[in-house]
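The structures considered in this document are given below.
The same subunit A turns up in both complexes below, where it pairs with subunit B and then with subunit C.
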Partner chain A sequence: MIKHIRIKNNSTVSLWDIPLLNYEDLLEQSISLLQDESCHCVNYFGYPHRDQLILICCIANDREHLITISSSVINFNSVLPSFTHHHLAFHLFEREIHENFGIKYSDHPWLKPVRYPFSRADKNSRIENYPFYAIESEEVHEVGVGPIHAGIIEPGHFRFICDGEQILHLEIQLGYQHRGTEQLFLKKNNLLQRTHFAESIAGDTVAGHTTAFVNLWESLCNYDAEDHLQFSRTLALELERIAIHTGDLSALCTDIAYQLGSAVFGRLRTPVINYFQRWCGNRLGKGLIRAGKNNYPFTKQLGDPLKRLFDEYERDFIEMYDEFKTLPSVLARLEKTGTVTKEQAASIGTVGMAAKMSGIPRDIRVSHPHDWYERMNHEPVIKHYGDVYSRTQIRKEEILQSIEIIRNMIKSIPPENKKRKELSFPAPDLFGISLVEGWRGEICHCAITGENGNLVHYKVKDPSFHNWLALALAVRNNEISDFPVCNKSFNLSYCGHDL
Partner chain B sequence: MDITGILLIIATTLFFPGIIIRIKSILSGRKGPGIFQPLKDIWRLFRKGAVYSETSSLIFQIAPAIYFSSVLAAISFIPFGDSPGLISFKWDFVCFAYVLALGKFFMIISSLDTGSSFEGMGASREALYSMLVEPAFFILMGSFALLTGYESFFEIFRSLHFGSYVSYAVGVLAAFVIVIIAMTENSRMPVDDPKTHLELTMVHEVMILDNSGFDLGLILYAANLKFAMYGALIANFFLTPGKEWFYSIPIFIGVQILFAMTVGIIESFMARFRMNHNPQFIFAVTSISLLIFLGVLFVTGKFIAA
Partner chain C sequence: MIDNIKILLRQGKQYIPDVTHAKVPGIFRGRPVISKETIDENALVELCPTEAITGSPVCIDLGRCAFCGECAFAFPDKIKFTTDYKISTNERERLITKDGEDKTIELNPDIIRTEISKYFSGSIKLRQVSAGGDNSCELELNACGNVNFDMGRYGIEFVASPRHSDGIVITGPITENMAVPLQICYDAIPEPKIIILAGTDAISGGIFDGSPALNRNFLTMHKIDLFVPGNPVHPLTFITGILELIRKR
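And then the complex of A and B:
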């Protein structure tokens, strides 16, 4: 008996239309759906409702471009068999449900805290008493890094268990950045404030998270964004991808002490983020994307300098990258370092670059296209070795691909509709989901509205949520001195995970 | 006895690190700081007090001073052209190597003294690389002792350059070996990256993470002195004895500047090695020393006789 409802990306469904299953049936159905390789879980969360907990599981089918939604109601004090026991990709979702609502799992292998939310069920679970994995042995030693990062970026604690220079195990403890983002979406009633929260979920994914939020909001309000809005959102997403990927290449060069690459890629990133400044007055693209409107319409006067910018950028970029990829000392550091196999990546459910590097074609731009991507025939960049060099190559090829996308887009800029429809308010009792391919990978926002159309639940999932575990697996059996370059090659978000 | 050499080495430390940084800046398209900026930074550190952790003992407090004085003592062994160093006796280059090793030993135990897991890691790496680089230095100096028939720095360098063309080739190879030894001993690229902020990849820098203020200034200045000291060794290969000071001093300074520029260029255009490739690289230096040794055996005819 299969009971679920299937919807497209950026669409809504009435809460009462989501089939309610027994927990055991939900488990069985989800596991059987995931046996299809083109399916993966995009979100699985609990939502408290009248002394009970409603579990909502969203599984995306990449081949059929549909998202399967199903749910179950459980009591707060129940002890349940875990999904994780059958499919590891659920481990963080269930840890989160356990942490937030105190649901116990009988066979979860790794039931540890995730991010220490203020409203957590067990107030005794604190950041200082995290139950680290340990090996009792005279031969191995532990190295603890952080929570203060050497480059003071964001806090996170990394605990290595090493045999000499070799890493046997890495455990990553996050949660230091928890700000209660999801709760803030509910507390503040103002759309502008909520958009600001979306912009601040992860500072390097402003366009990604904001697009996810406004698409979700517009679908809750039953508002069809006109071409012009879709166009500028897609353009912002691609510009962000180019800027961050270029910056990452520069940072990778810094980590392997290749000064020339570090300097040149660093310089190349600047004109791209400066273009954002020119377009909307902020180098990170804040203020650009708004639900139902666009304060900074994209015109031909903005298109021409962008075309010139990329003509210059592409020439220098290719020259530098050719130099970079032919240097033996660079390749010696990148190749076969930090490998994640396809089996590992599939079992833990990685997304974005962390999936594409190991031969998993997971790209929302193809599988669940939104905005302008619906008009494109996008081909994701896929690599197969899963090492640092694969992630580097993906960055380079995606940059060139994005430049091509932008060139094609600005050939025909849709005119701004001055008399566009006003945005109304969200309809009551709706469930909405929005998937966006940010530069790091799949971003998923889910929202539930209450009786009078107020937001009653908001769920954010940054791609880093899945991918941190991939980093922990990648560094196993590598040298501890290769950890920084592995870490940088994933470039995961701390605040995106901690929310 | 002549202190010209020591004065010149100290003069070299004024501009040596500045040239490296300037070259790296220019080659990466930046203007870069002034030549004397690294020295000003050290001077700033000298005017500060040091902070000591409660877990560290006396060793941690005295180690920087011992390290610094060991480098100073090693410098006094270095001759300058046809004048010997402050200290000169038979087999003094063995003493030279172990005076340096003594300073390094204290730095290693002082980093273990902090009890940090990072610093222990750095100490283990530093000890390994110093150990591996030692044969290269001794084979090199031993070959020269064999070539010239003398046993001290001063006499070896004084009698150099009186052989065949092979001995010039040996001189160039020796300069190369000394450059690599200096890069390794000073924890520069490609063995170590002095600029990195990532503790896990550091060798020397991670050992001195806990040092601050005056102590850190001493350690940084000692690194400059070491560079200038190895530069002086290289310069000695090219200082033909008997030349007037107005030849030898410009040659000395010129060699030091070239050395600094070489370091800057190497650090600009390549990535550093993966940690487990470093021992291979250092072994390669040892094999070049062996090549010099074989060359010397040929020149002296001992190879054929054997």
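And then the complex of A and C:
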């Protein structure tokens, strides 16, 4: 009964070629696809069309490097059996469909608000009245943290249920950062404005989200980005990974009060982001990635200083990390803290570091390669304990790996094509999908064009969308004082989730 | 221990000795300079993604500008971005650069409240609130305290509790969902207190201006003491802006 169409990353399909199933068949098919360990759902969302809602489900097969697309049409007043009842990885997608469009589910175990978007179906649902899970007992107490936190960090509310110092349950309530980003992609119809939205989805993942956007946009316009553009995007992605991972190691040291590590890793991030500024005038890479062009071509004059930067960085980084990892007081805080098992990670569909830490080899650079990754034999860094230390080790190893990737890349820099062809406009009635492995993990953007080629739907998924629940599971049975280090070890995005 | 000393020696001194006269590396986009060159003004105004440019005469509003540099690429003889990072000011109009002018952006001393110099010139503690910020300004504000910029040496620090702070630093376009928490946080700060808007999103809404998911009423109710433009703000812009604001007068 398999009814779907399979496409590659960064390709498009005519809307009319996406098989339309009845809802029960879509459910059965999606659940059965996920029986295969190499499949996971990369996006599942509703798109209102005429008086009905089209559900589009995208399941990636990592082994076969293909993405399965199928759809179903339902009425807005539907009460449906949920996918989540059969597979937890769908829980947030269905909560989102419920929140945005008012679709009811008969057997969803946790049908709570996601982000309180301005366009939500139920305007009576308000962020100050989030229905937290509670335990009636004299023995436990609740601790509420946020939305505003102690440091300079985005807002979100954490509600702990504790037995003494031990966390029994954590519920994370988000939505404070909701800026209406997906809707603005449609409202402002100039390409530069849309690129700005992509750059602002998460300002710590500028290269990640902007690459997803421009790759998707170019595929809608049937435009093949030349080598030079692909090269620059890939380089920016790896540079961003190095910068943010380094900053995260510094922050982890801060949270365990290891001053030397905090200072040295913190200062090691500086030359990397300053390099971005040297390349494109902005320390976080804003302004660099553009569809169909590149305002800041990467040249040999840029390659040589980067090589020298890495030689110095690597020496200092390894020296610091070697010291850090031999300190018993460091290891005592990181090892066996905030553990997520492989079964848990697989069941909730984590991505990126939050998958790789528990032995799940999920990395778009291998499974659905794009840009320069198609020319590499990338090997993801995999750990197995799922604890804070695994996430720390992944960062360290990925940093060194990314340096090698860049060193190899800049050995031969593809020249810029000064006579590149002009970007045209998106073709009508298309569905497109783009996957990128950002430093946090898998980013997915989907777009639908209408009959004039105008954008009629834009869907963004940050890796944090899947991974926040992993943090909530990680802290169970840990001391509440270990929460900061657990949180930092995931370093998830609030604005990327809230959009 | 010996290893620690080795690392310390190797790292040496990392701080920027004088933040007011630093040279930013590379092609940083700071204060723009607009020439008198005649160009197709409509095309220039149209091009800007955040409506930061207005015509006759050509002006760029740094409170709206996202510093993407696209205008300077399209009209290189008309607009140039300099590496002048001292672009903070306390008067909204001073963020507007006009064509033919090449003057530095300064604070207007006449409108600095007297309490600021009296209470805060030796040290100031700030509470940061991200209200829809995309985590880029937040990263840069964190960087202000790192060993390179070391804002703490001037007595400027971010603190955890509004009760311990002398003011609030807002990032992000201020979402509807953060409007109430922002107000609660502000109310919890003891008087006298200041408000700083950090980044284009906070100053004008930036690219998000006009989004139905925002609620910027807070800003109409209070006087803003410092505008720090940037997308994100550069740590040097932030630090030098505050130093100017709290300077003994």
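Assume the second predicted complex is superposed on the first by the 498 of 499 C-alpha atoms of A that agree within 3 Å, B and C clash if a C-alpha of one lies under 4 Å from a C-alpha of the other, contacts with A are read in each partner's own complex, and residues count from 1 in each chain.
Criterion: a residue touches a chain if its C-beta (ideal position, glycine included) is under 8 Å from a C-beta of that chain, and two chains touch if they have at least 3 such contacts.
Keep in mind that this is a model prediction, so the values were computed, not measured.
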Clash-or-fit label for the pair subunit B, subunit C on subunit A | fit
Partner chain in contact with A:Pro117 - subunit B first, subunit C second, else both or neither | second
With the two structures laid over each other on chain A, which partner does A:Ala150 touch: subunit B (first), subunit C (second), both, or neither?
-> both
Answer with first, second, both or neither: which of subunit B and subunit C does A:Glu165 touch in the superposed model?
-> first
For A:Asp255, select first, second, both or neither according to whether it touches subunit B, subunit C, the two together, or no partner.
-> first
Please state, to the nearest 10 degrees, the angle that the Cα centres of subunit B and subunit C subtend at the Cα centre of subunit A after superposition.
-> 60
Scan A:Ala263 for contacts with subunit B and subunit C and give back first, second, both or neither.
-> both
Using the superposition on chain A described above, determine whether A:His178 touches subunit B (first), subunit C (second), both, or neither.
-> second
According to the contact criterion defined above, which of subunit B and subunit C contacts more residues of subunit A?
-> C
Which partner does A:Ile201 reach: the first (subunit B), the second (subunit C), both, or neither?
-> second
Subunit B and subunit C, closest CA-CA distance after overlay, in Å?
-> 5
Subunit A residues where the subunit B and subunit C footprints coincide 150-151, 260, 263-264, 267
Which residues, counting only subunit B, touch subunit A once they are in their complex?
-> 24, 27-30, 117-118, 120-121, 189-190, 193, 195-201, 267-277
Residue ranges of subunit A touching subunit C (in the complex, touch as defined) = 116-119, 127-128, 147-148, 150-155, 175-181, 183-184, 190, 192-193, 195-197, 200-204, 206, 247, 260, 263-264, 266-267, 270, 274-275, 277-284, 286-287, 295, 316, 319-320, 323, 493-495, 498
Sort out for me which residues of subunit A touch subunit B in the complex.
-> 141-145, 150-151, 165, 253-260, 262-264, 267, 327, 329-330, 332-333, 337, 479-484
Sort out for me which residues of subunit C touch subunit A in the complex.
-> 3-4, 6-8, 10-11, 14, 24-29, 47, 49-50, 66-70, 73, 81, 128-143, 146-148, 158, 160-161, 172-173, 175-178, 180-181, 185, 201, 206-208, 211-214, 231-232, 234
